[in-house]
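Okay, got some structures for you below.
Two complexes come next, and they have one chain in common, subunit A, joined by subunit B in the first and subunit C in the second.
Now for the complex of A and B:
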């Protein structure tokens, strides 16, 4: 059966399969964890392809939609904003950005959002049973669902977006918990699935174990030298929030991660041989990270000890009742997920996170990359700079695109960083 | 009078209630000078004295795991006599009595100094998270929770809540010389006993948030603003000012209406 949008998905699946075979040659325990994650991504692709071909329900979402609920409903899903991060997407990114521009998508809009809309427009993603989103975080995500609803193939796809209140008060959490309940009703109506509260409890209990182990792992990242590069933190996020949500395989993944890392910390092994600068990258990771991080490592002895994606402030949810679970999910979805946490509401979370990470992780400098799409966070640069000044830690704002390396060239980024390190006496 | 003074009184009531319930309450009176506070402590206290990460296998006990319960906050006053300088109150079991345990953890720090004001608020708040300053004691890097570990080595040397309380007093008094008096309360008895403390914490947090907002406003930033750039350069400032004025007038009006209705 030919299903629109599946062709690229199948290509990606085959490429992932090939990647797994390649990775499996390595005996390194860290690499084995990467293999386990890629296998989980592959499983997800297979589930979506099978669902599309067999006419079974599956979901597309934008970002931060309490994935525990989807796992409990046994609904496969793909996340539009996650696709560009997959290794299979990387070779096409620049062409797809150009394609989005030719299609008329404004270049002042976050590139990640543009890529998401363009993937829909270009028919590179399969038509889901329903689409869910979150009305928050940035101007782009607020419009994403409206943009894709105009696509001729997607205009019949039911859409539901939860509203995200500004504050973190009890009232706000209750409000968002109700929004999540409405989202569940919407999903039940359009997919024919029913939420089993006991199954939700199982998923949440398993996810709690994952977040507790992730927090343990992050304690280990405080060690000097830092045991891993920032990439492992991003993988942790992919496991807990995307590909092994409330899944025992994910818990085992984290258990192994902690064991491996404890061993490294006990032996004093760092991710780089001679760690000189401990950097806090105060944003999500860039697609082109490997190119810059390798240079940072070799040229300046820099380890990115923490970034937004790797930070794990996740709420452990009380699974005792349906109400406590929905409230806990609301809190996790609103107050913990990267970017939504830092820029959705008042700036005190951003201030506290900066203070805590700098102090606990013995950070030598903070880099706010100033991604062109993060206008919400960009508005708080003055606050970030003041906080860093009070903490006595150098702060750099660059101005770049986390997805398009032509926006600010790699050479220019390296030059800015080098001058900063030199001027601050960090080199 | 500072905004926290009323809650210092509430804390006294809270302790009294727990005594009445028959909880084990221990009071320890420590010296008050920084040099005396650290004298004879079984562990080192000072920047980078923690000795690094405490691994799970090296842990003697955990305090404040979310499942066990955790609540921590700080209050300050410009009336030092409200604080009993050098006093540590422990409600519940002490560290050496609980090997391998995961205890609920309440920690309240109260500091007083005639010169203390909103200018010291951020410094005092930040100091609660002492990072690497106490050997054998690690506060986990989890926001809004005081979740910590005591190492086997430290416990073996005699680390207990008196050690922790004295170390905290020394750290605070060194960092903020305006502190004239400091008192500490630790609660480890049960999660249930932390509930009233959490209610006080909620109100204290709100006061703290308001103070923080005022401090940033004085610097020219509104941390509650969606745009949150410098108000001085924001084109919407007149709109915000007008909304604030409307809110102020409404509050005043509803207060008047309520007073009239009550009388």
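Now for the complex of A and C:
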């Protein structure tokens, strides 16, 4: 059966398959964890492809949105905002950004959003049974959801977005918990699946174990030298929130992560041989990260000890009742998800996270990459600078695009960072 | 409609004192009417967005004004806190706050309307000393659930104002305020009615000045002045010397000079979908409802023309524009956007597609809050009119 939008998925699946074979040769335990994650991604691809071809339900999600519920409903899903992060997207990304611009999406809207809209407009993602979105993030995500609903091919795809209050309170959590219940009713209606509360409990209990282990792992990352670079934090998030949600394989993945990290810490092994600068990258990862991180390591002895994605293991959920589980999921969805956590509400969380990370992880400097999409962050830069000044930690704002490496050239980024380190007497 | 002979100044044929006062009010923040109010000991509360619940501020005995950055000449102070990728309206407005231009405010109310404005709140409460500040949580959907949520938000604001001022805002006061603001809306709609004529008696730039003034001075005075203007315009000779009838779709556009440049090219702006336009005047708060706060919540969430930030309203927003095109016999639509505004990037992307399907000419225009030079705008407007064969 030919399904629109599946060609690219199949191509990506094949490329991932190829990559796994290459990775599998590696003996490094860290690399084996990466292999386990890529295998889970592959698995997800295969489930989506099979569901699309067999006419079985599958979901498109924009980002986050309590995936524990999808896991409990046994619904495969793909996440639009994850696609550009997959290594398989790399060869196309710059052309696709240009294509988005030609399509009329301009140059100043978050590139992740433009890529998301453009992937839908260009028919590069399979038409799902239903689409779900979360309205708590930035303005760009809101428009992404609207553009999807507006697209002609997607007109008949049922859409549900969960609304999210701005301020953090019990009332907000209750409101959002009800939104999640409405989302479940919507999914049940359009997929024929029914939420089994006992199954949800199993998923949540398993995800709690994952978050406990993640918290342990983050404790270990406080060690000097730091046992891993920030990449493992991003992987942890992908495991817990995207590809092994509430899944025993994910728990095992975290357990191994903790074991190998404990070992490294006890042996005093750092992620880089001679750690000189402990840096807090206060954003999500850039898709071109390896180019800069390798240079940071080699040239300056920098370890990115923490970033936005790796910082916040989610709050554990009380699985005792349906109500407590929905409330817990609402809290996770509003207050824990990377990006949502820092972007959704007032600047208070941003400030608190900044202070905690700097203190707990013995940070030498904070880099706010100033991704062109983060308009809210861009308007918080003075606040961040003052917080860092009070903490006595140097702060650098760059101005770049996490997805388009042409926005600020690699040379310029390196030059800015070098000048900053030199001026601050770091390294 | 004669052949277009070149740059011309379209303007009403009526010499109106009220109109002149409205125009003056758009050139400054503290206009003479507001100044008088403040001198008499009256209090003023600002708000940042077309969802700002003016009626509650009025019911508290104060004058609500929409925050603008009119007259701002730079953003040097704000630039220490914000970035160059922030919307220039926000940068100028915050700069004015830092400069003390808004020190006369008793209070300021925010909603999380967009990523830029909501962070102005975080900066403002840390850097500017305004006695009363409140952030309200505005939903992004428009079902009954959101109406209920927003009713509670209104109640929280009402109670906070009561506490701050040591007063009680009774239902009676709320109904009185609702009636007053509805009257403003009705009068403004009468003005728009006149713009439907083949020869409208007022230009788009002049109409914008009237709407801006409606958010900038005590409403009783405004309503009286607008009645006067409507009287004067009722049998005025209309404008004949234009090339095409245009509609503007935009977020914050409070500078009549912008529209004036377009109109100088012969494109008469006859209607809009703007925050200083139909979005605040096209519908009324239901005066027959039993609870004033519910009536207000329903108005803001469901009844007033929605802003692009309301997720589930794109089909309505698009229909609104297409209906206006028919009702006002519009030849072409201009979608104006402030640079770095993601909401309006998305909106123009979708609206452009919808209008194209219906064969309605559409021009996307990006701009900065303070109009630096008219050259490029003039060229784009001219080219647009020519592309329509006008």
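General remarks:
Here, the second predicted complex is superposed on the first by the 426 of 427 C-alpha atoms of A that agree within 3 Å, B and C clash if a C-alpha of one lies under 4 Å from a C-alpha of the other, contacts with A are read in each partner's own complex, and residues count from 1 in each chain.
The criterion applied here is as follows: contacts are C-beta pairs under 8 Å (C-beta built on N, C-alpha and C of every residue); 3 or more make two chains touch, one makes a residue touch a chain.
Everything numeric in this text was worked out from a predicted model, so none of it was measured.
Overlap between subunit B and subunit C is detected when the two structures are superposed via subunit A.
Applying the stated contact rule after C-alpha superposition, one finds that A:215 touches subunit B and leaves subunit C untouched.
For subunit A, the partner that touches more of its residues is C, with subunit B and subunit C as the two candidates. Once chain A of one complex is fitted onto chain A of the other, the partner contacts of A:379 extend to both subunit B and subunit C. When both complexes are overlaid on chain A, the residue A:9 reaches neither subunit B nor subunit C.
Applying the stated contact rule after C-alpha superposition, one finds that A:360 touches subunit B and leaves subunit C untouched. In the superposed model, A:281 makes contact with neither subunit B nor subunit C. When the shared chain is aligned, subunit B comes close enough to touch A:266, but subunit C does not. In the superposed pair of complexes, A:395 makes contact with neither subunit B nor subunit C. In the overlay built on the shared chain, the residue A:160 is in contact with neither subunit B nor subunit C. By the touch criterion defined above, A:224 lies against subunit B but remains apart from subunit C after alignment on the C-alpha atoms of chain A. Superposing the two complexes on chain A places one of the subunit C stretches 4-12, 40-48, 202-210 or 328-336 into subunit B: stretch 40-48. The interface of subunit A with subunit B overlaps its interface with subunit C at residues 166, 346-347, 376, 379-380, 382-383.
Only residues 52-53, 55-57, 66-67, 122, 126, 129, 131-132, 138, 140-144, 209, 212, 216, 219-221, 223-224, 226-230 of subunit B touch subunit A when the two sit together in their complex.
Against subunit A, in their complex, subunit C makes its touches with residues 80-87, 90, 112, 114-116, 118-123, 126, 135-141, 145-146, 149, 152, 308-309, 311-312, 314, 339-343, 345-350, 352-353, 364, 366. Those residues of subunit A whose C-beta lies close enough to touch subunit B in the complex are 166, 215-216, 218-220, 222-224, 258, 262, 265-266, 313, 316, 346-349, 351-353, 355-357, 359-362, 376, 379-380, 382-383, 386, 390. Listed in rising order, the residues of subunit A touching subunit C in the complex are 103-106, 108-110, 113, 117, 135, 138-140, 142-147, 149-150, 161, 163-167, 171-172, 175, 178, 343, 346-347, 370, 372-373, 375-376, 378-383, 397, 399.
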